[in-house]
Amino acid sequence: PAALARANPVAAGGGDPNILELPEHSKGLGQPVATDGYGRPSKYESNVQRRTSPGLTQTTQASVSFAPLQSLFGIVTPSGLHFERHHQGWWDIDPSKHRLMINGSDDKMLKKPLVFTMDEIMRLPSVSRFHFIECGANTGMEWGNVAVPTCQYSHGMLSCSEFTGVPLKILLDMAGVDYKRGRYVLAEGADGSSMTRTVPMELIESGQVLVAYGQNGEMLRPEQGYPLRLVVPGVQGVSWVKYLRRIEVGDQPYGTKDEAIHYIDLQPGGLHRQYTSTQECKSVVTTPSGGQVLLDKGFYQISGLAWSGRGKVKRVDVSVDGGRNWKTARLQEPVMSKCLTRFSLDWVWDGKPALLQSRATDETNYVQPSYRQLRAVRGSRSIYHNNSIQTWLVQESGEVKNVQLS
Amino acid sequence: PAALARANPVAAGGGDPNILELPEHSKGLGQPVATDGYGRPSKYESNVQRRTSPGLTQTTQASVSFAPLQSLFGIVTPSGLHFERHHQGWWDIDPSKHRLMINGSDDKMLKKPLVFTMDEIMRLPSVSRFHFIECGANTGMEWGNVAVPTCQYSHGMLSCSEFTGVPLKILLDMAGVDYKRGRYVLAEGADGSSMTRTVPMELIESGQVLVAYGQNGEMLRPEQGYPLRLVVPGVQGVSWVKYLRRIEVGDQPYGTKDEAIHYIDLQPGGLHRQYTSTQECKSVVTTPSGGQVLLDKGFYQISGLAWSGRGKVKRVDVSVDGGRNWKTARLQEPVMSKCLTRFSLDWVWDGKPALLQSRATDETNYVQPSYRQLRAVRGSRSIYHNNSIQTWLVQESGEVKNVQLS
Amino acid sequence: QTAFAGIGRVATPQEVAAWDIDVRPDFKGLPKGSGSVAKGQEVWEGKCASCHGVFGESNEVFSPLVGGTTKDDVKTGRVARLNDSSFPGRTTLMKVATVSTLWDYINRAMPWNAPKSLSHEEVYAVTAYLLNMGGVIADGFTLSDANIADVQKLLPNRNGMTTNHGLWPGKGMGNGSKPDVHALACMKDCIAEPKVASFMPDFARNNHGDLSQQQRGVGPQRGADTTRPPAA
Amino acid sequence: QTAFAGIGRVATPQEVAAWDIDVRPDFKGLPKGSGSVAKGQEVWEGKCASCHGVFGESNEVFSPLVGGTTKDDVKTGRVARLNDSSFPGRTTLMKVATVSTLWDYINRAMPWNAPKSLSHEEVYAVTAYLLNMGGVIADGFTLSDANIADVQKLLPNRNGMTTNHGLWPGKGMGNGSKPDVHALACMKDCIAEPKVASFMPDFARNNHGDLSQQQRGVGPQRGADTTRPPAA
């Protein structure tokens, strides 16, 4: 690996010229404050971008861009790097004209249908919560075999933000919902696709489902549904309806296109599982990961992300020998429910090939499975809900490869 | 206030035209994914910017820009809106040329001085923690009387991020520091000011002080010290040295310009308090706040931020009658140590003048004081460490004014 | 809830009508109306075929809508080819188990670049034409609110769904959140020597672009220069 | 710590010398050398006066460096005018209690637009000239590493600092984090009728720009249009 290493050398003159010759910035006057009223990352960070996976989709408006997980720290995803999934393109909607309607599938579901302006929604009691959002199709390309080189493409339909909004329960209470009858909610967007998804009333009653306008301290980004988005913690991203315009309360699920033709999971025997909403416990090592080249032998911190749609991550184990032996990783606090959790483990790389894996366990004691275990039950044609343990092969050259084990 | 209200009207045609006539975005095809590999906020959010306070500083490179607290949600400050404080301008430094040196004020302080490249620092074990950073001069303009109209200017030298970095303790251990002798650390930046500040070894030994490169999931922004910054939780921002190039271990404080000529607090009697680093418990209502106009009578959520440099916020009380009577506000979880905590309280505005205040108590049971209490001890010429209770007057017109009570 | 007096107002019937366009599997929400296969062909060729192909077979903009179903599937309500992993892709008609889904989706979202521009008659008609292309209904058929429930009984994959799984986070469906895969957190000597069974072939090395441009330029690693051959 | 073998290396003496420029109050770190007041005046007028004024009095780019100190202050080591709240601003010499601070800061950061460009002699000299302008040392004086401790004893505000407070988060100084202000969290009938004692005058209403452009355009409120007179 030495070939690529940027060493820390003592040059001929008795020291590193970067120290001995003071840099320009130590000897001059820099830029003024508020050069930019809304700042941007360093120019040296231009490699850190969301990206599309070549050949994955036939159009760019019904498509996806992946977050660069391999370059992120901690648990918060910068909003500018949040993954995107659009079905009919994204819009920047004028919030003064946006409305939210609450209605029932028939008169018995609630006392009175309501209309809210954004001004009104933003006056109501709000909460702020950190949650991950993962597309149900994340890692879907890898069900059969290795298909992509980096964790950006394999796991990058995943992001995590602090969301601020009004618990949907408050709005339904205002409408006088009959919670005995209305056990399902339809969420509908205002974009061309007018995305619709069914959400169980239990989740709303728990207070977890939010009608959200805030993300990481500011308003939602247009790509994430400005000015209003449903936040459905633990549930696949497609249910987090963007440009939210309507909530209907009903007594049956709705069989919408994205829960009756897509986001259904083909099982061995030819049946599809329908209404598979929960994102099960999963994890991935992000450093080192596919497409990277380690600079040197020696000490590394193996670091990655773990999450569960059923609650908190309880434990993450890491293997460097392809799953033969495991060590329990450190979890960074706070560990929050239905939120990314950063784990890490110290490792000294001896320069020999190594197979890195992580395995998360959640508070329900569900253990993230291997491909072998997952495929034994579900085959390899589900498309959705691939939460297998991921393997990265660190080669002697230092280059890291995406691999799957037999 | 009705004049300014954007109502939620039923128009003549039997409904709101924003509902009856479907908007363009419901009937067309939107923008493609990855239109921007690094996204930006909605165009409708252009009012949400960091800003300078007219006349506050004589130059723009030794100056400050304020974060728009009045427009933020939750606790995370978007990195593009993080407040700025530069003494000799900001730089975008090439990380491949940046070095960190650890040395002793003399040979006895540590076994061997060290030099690290960024590559090396980023290989070491790291942690990620949410912390507030507040300039010691935040709210300083208001010691004597009301001077600025909005909470952006009165409290906006405050931000909160998830920081990722290496505990400084690890680097000092590597250098073989003699912790008996070396009870002070000097942190030095690489910019023109080569900012220096003394930090007590106790804070480093606690593991809290970080040599940080990550902020809110990405690298630090140039304005916040890319590629390396010291994170000193609970301590005023000036100690969070940006463009960090050197850490010296010594047995005495250093009396640097920004702890011997500035960031000293003039007390009645003419003595200055020196080495006043801790930011004491403080809070501010951000909605409603100065310069805003409420749209209507009726329900509002009073919301704001509380923090303490001594640990966790334990409680926040809110008054709507200028401090006569108080109610305990809700605290949004997770409540983290030396981190912003969002509080909120339901309020029905009857249209009459109201005096809004918040008062935070931290886990040491220190209670945020009123101006009267603060000035009784410190006078009004300290410049720094103004953590008084803030009062906003909601006028009958709905317009909110910054006021101070007698 | 009087606590929030003045916030929100009652929606008018016109407003609800303007937005409440969803159609459920039990056809709740389906507006009265009808459309013939013949009319559907017209709509299709004018407004749909450019993207989905004259026979709904194109995968230019999306996976094909029609194909892969048989007369036998119409009888059994199970699409046999879903078990044939050598069959390329899965068409819409191979998967969909509820005809309401087609009606609802075409009505709300198609044509892709002009959603919500179709009349109800056009939606009935083009849905009929799609089913006709799939061999579900005959050329002379007119689909209507009155007979759509009968058509549902012919849908090739109508019996192809199960909700017997642990991924519905509510009580109304599913098995009550019981997982189907049960792994154990073994810590030592868990498996025999691991063998690499799948990896990206060298010729695909640069398929996702030069990875050296897709990793941060500072830190414990760099990105692999995939414009050059790999080193082992 | 062998755990991190290969990470970091020992700094060379040349490297430490290049960066270890700090000077402490006990003069640890002060390089040998000297500079006269006369030479200092040259430096000042060539490299400093354009920003700070010929007499260090300018507040064009920053608060004045010189002024506000008296002969009596030099004797007592306490600047009397710090108690005079009618005195406009506080100059550097009114505040600084450690002469090392001036030497260290000028050496590392001045001239502002060309920091670290001065020779040691120039730093000694211009520091001497500043003190001379402040009436601390005489015209013929030459400041050096040998006599700087004596000059420290003349600094007008040398006795003007206290660390007896609760804001140092360590044990080496301060009172052990004991707060000086003690409020109570009273909940009911805490004070008499509150009176507004200070607010922004109407003529300053638009001083910070039009506030209607500084608040989000959606939500429970708008920004006040400060280009128009206030409504009560």
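Observations
So that you can tell them apart, the chains are marked A, B, C and D in the order they are listed, and the count of residues begins at 1 in each.
Assume a contact is a pair of C-beta atoms (placed from the backbone, for glycine too) under 8 Å apart; a residue touches a chain by one contact, two chains touch by 3 or more.
Since we're looking at a predicted model, the values are computed, not measured.
Between chain C and chain D, the least number of touching-chain steps is 2. In whole angstrom, the spacing between the mean C-alpha positions of chain A and chain B is 27.
Centre-to-centre separation between chain A and chain C, using Cα means, comes to 21 Å. Remark: chain A and chain D have CA centroids separated by 47 Å (rounded to whole angstrom). For chain D, the set of residues that touch two or more other chains comprises 4, 7-9, 11, 15, 19, 112, 115-116, 216-220. Contacts with at least two other chains are made by residues 8, 16, 19, 26-29, 44-45, 48-49, 51, 59, 71, 88, 95-96, 101, 115-116, 119-120, 123-124, 192, 194, 219, 227, 245, 295, 298-301, 346 of chain A.
If each chain is drawn as a node and touching chains are joined, the picture fits none of the line, ring, star or complete shapes. Here the touching chains pair up as A-B, A-C, A-D, B-C, B-D.
The touching residues of chain A, when paired with chain B in their complex, are 6, 8, 16, 18-19, 23, 25-45, 48-52, 59-61, 63-65, 71-82, 84-86, 88-99, 101, 115-117, 119-120, 123-128, 162-164, 190-192, 194, 213-214, 216-223, 226-227, 243, 245, 295, 298-301, 303, 332, 334, 336, 342, 344, 346. Chain D contributes residues 1, 4, 7-11, 15-16, 19-22, 24-26, 28-29, 59-62, 78-80, 82-83, 85, 90, 92, 95-98, 100-101, 104-105, 108-109, 112, 115-116, 157, 160-174, 177, 179-191, 193-200, 205, 207-209, 211, 213-224, 226, 230-232 to its touches with chain B in the complex. Within the complex, the chain A residues that touch chain D are 8, 10, 13-16, 19-20, 22, 26-29, 95-96, 118-119, 122-123, 219, 227, 296-299, 346, 348. Across the interface of their complex, chain B is touched by residues 3-9, 11-15, 18-19, 112-117, 216-220 of chain C.
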